[in-house]
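Multiple structures are listed underneath, in structure tokens.
Both complexes below contain chain A, partnered by chain B and then by chain C.
Moving on, here comes the complex of A and B:
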């Protein structure tokens, strides 16, 4: 069994979501619930740190697509950071860099939120 | 050029998303054994994960009592994975290439898996065979001529 874990914590005016493990069709509902809970609490400025994520399939990618409009419509964003190369390659193959801000470092993404 | 090996392996999985990690381990082991590099192995494993996810979610619509078979046939430069199910048939040509910007607006995430499979593999073929559906994913070892 390949595990998946998501941790969230507040950081200034944003929330940092740390992903660990394997994100596939089995574990994507866990991530979906985390996004849904954050948005339900009115938290729309979200930084997703991928440093601990080893694997992503389209089921995981779909979760990011499902929430991006709602957060942007509420003056927020989902910014992606610290991706391992093989995870970035999957995002890149599907053209996600055109739609999402992707940063090498979590602090860069947090600064973008605090600058606004 | 390294000596090519021949692989014939098959494994049956129950149609639940918990099976996906086992599918990935099975394919990973044989792709490494066949001589693919790390990045190629990751791409092949992801393509097969997508094929099996489609079987679980669409062919069997989440019925955990159903089963599907992953078969690996590899020889020469050709590494082929065949995923066979006995669920609802599937017409990949009905699935358009996703436009990431448009699809985001529609809050929909389907179709990405098929698109990924086509990008990651050298060939992706669907066919009905007897009562079964098969998707055949092919990837060639680099530095070997394609037939």
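Moving on, here comes the complex of A and C:
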């Protein structure tokens, strides 16, 4: 079984979520729980750092879709950063760059939140 | 052969510019850039202020269609003119006036002076339309030749670009198909491990959102012929009766549903479906995908508009269809698992109830002087309603009772337990048997519905007086075998317990002497069925008892048991069998 881990920490007015390992249908519930916990605490400015993520499947991508409306309705956003090429290719293939802001670097995304 | 030096110089400039253009065009794979370049080149070279171009990309390998691109530089051409132009399929450069076609005046009015076709060896790629020169006048032959050469170069370059785009597009589509297959593979693995319906639905949601990028959808599931929205991401859809669409057995676009209704009018309630469809269009539902459960269609995925507004392709609809099939199987499995879990729990409880009930019956017979008591009880598989009790009142008095609660299962078992505690409590008070029976009748009447009742026989034997007193409340008449050979059936009493309130019971009295025997039983004995469906019967019971009435109490019960066994053979036991025998000494 492939492992998946998610760590969160506050950074200024935003939260950084670090993903590690494999994100697929089997591990999607872990990420889902992290999102729903954050939203439950009223944290809507979320930067997801993909640096440690080596694989993502469609079902994994689906988790981001499940929360984006609620986050944006509360004047927040989910910004994605530091993707490995292989992971970015999946996002790109499924047309996600159209729906999400994707940055090379985590600080860039954090700056976007603090500029507002 | 004389040559005009000026003309030859011009030719060289022209040639250089053409070579340069060829280089630029061939290095580009962007057809808009290519066409833009030759438009600017001809405008600059020939001092023309207005041009327009339209190119046709052949993407048949990918989409089975063509894609048109129109670029206008101060020359406006309508789309209908463009398609008419393509149907003309012009080969050589021509002025509109020489077209001999209604299009001629339209093109002239728009300001078109010359029409150039962009052709490769096998197809018409597009047209370049040029206006008048700034200094006025039409193009001279050498200028026409120049533009024609540009057009030929461009046509080849555009064809190249188009092939490249086709390749890029098919490659993208291939990658998408691979991704779809990967998703299906991953989910079939994941779904096969799931035994939890909400989890299966959540996984389906993620897969839909991840693969199609759609956030607007709803999933309606039918269970026990009731529809409920398991997922609702389309505001307003909860008002719509999706169940009417559930005979749908293939995925399709909402716009194609009308056609299906015409083809299969019997499968749908057309009027209702049309109404539902109109409502679905109001909330922008585009695609419907059925979920198959337990062989039939028992659910529906309704997909709304995508954030990008892009429609759903056939291959996406196929993918969703496979995905929903997998999810349907997973939901089905989860439901079956829950069902078997519930059944297992129920069986465990039933076994427990059975064990408790058995413990309510006496296991050891009390000893009193002047009589031996034997009991035999075989419960049927289910918890049943037979009850018997033997209670020692004092050294010379013994009390016995036998009863049959109507029905089987938990209700009968509960009522039997209730009867047992009431009887034991009442016996302890020293009340007379007829009064006890009256009390029991009222208790049972109050505690049950009219269709539940109990037949009961209760007796007490006093060895000092050698008398039996008894009350029979609608129970099978016990046999009393007398010493002189006769047999008496003890029928004195009243009606069944629990049918009518405030009923009086009559008490029966019998005198007994040594060697006589009282045999009590429930209907599991005389109504024991063999495989032909005939009953053991009261008569046969009476005969076997008469033949063995001189035996010990326990022997009598064993003889009857064996006789029943040889009668029913391998037919399953349908009811509790209870026998109680008192032998007087």
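As a convention for this text, the second predicted complex is superposed on the first by the 116 of 116 C-alpha atoms of A that agree within 3 Å, B and C clash if a C-alpha of one lies under 4 Å from a C-alpha of the other, contacts with A are read in each partner's own complex, and residues count from 1 in each chain.
Just so it is clear, contacts are C-beta pairs under 8 Å (C-beta built on N, C-alpha and C of every residue); 3 or more make two chains touch, one makes a residue touch a chain.
For clarity, every value in this text was computed on a predicted model and none was experimentally measured.
Applying the stated contact rule after C-alpha superposition, one finds that A:33 touches neither chain B nor chain C. Contact with both chain B and chain C is seen for A:69 once the two complexes are overlaid on the shared chain. By the document's definition of touching, of the two partners only chain B reaches A:86; chain C does not.
When the two structures are aligned on the shared chain, A:59 is found in touch with chain B and with chain C. By the touch criterion stated above, A:5 is placed in contact with neither chain B nor chain C.
Look at A:104: by the touch rule set out above, it reaches neither chain B nor chain C. Of the residues of chain A, those at positions 24-26, 57-59, 61-63, 65-66, 68-69, 90, 93-96, 98-99 touch chain B in one of the two structures and chain C in the other. Listing the residues of chain B that touch chain A in their complex gives 16-18, 20-21, 24, 39, 42, 46, 49-50, 53, 56-57, 98, 100-101, 103-105, 107-110, 112-113, 115-116, 119-120.
Partner chain B is touched in their complex by these residues of chain A: 1-2, 22, 24-26, 55, 57-59, 61-63, 65-66, 68-69, 86, 89-90, 93-96, 98-99. Here chain C touches chain A in the complex through residues 172, 175-176, 179, 182-183, 186-187, 189-190, 199, 202-203, 205-211, 213, 215, 307-308, 310, going by the rule given at the top. For chain A in complex with chain C, the touching residues are 24-26, 28-29, 32, 57-63, 65-66, 68-69, 90, 93-96, 98-99.
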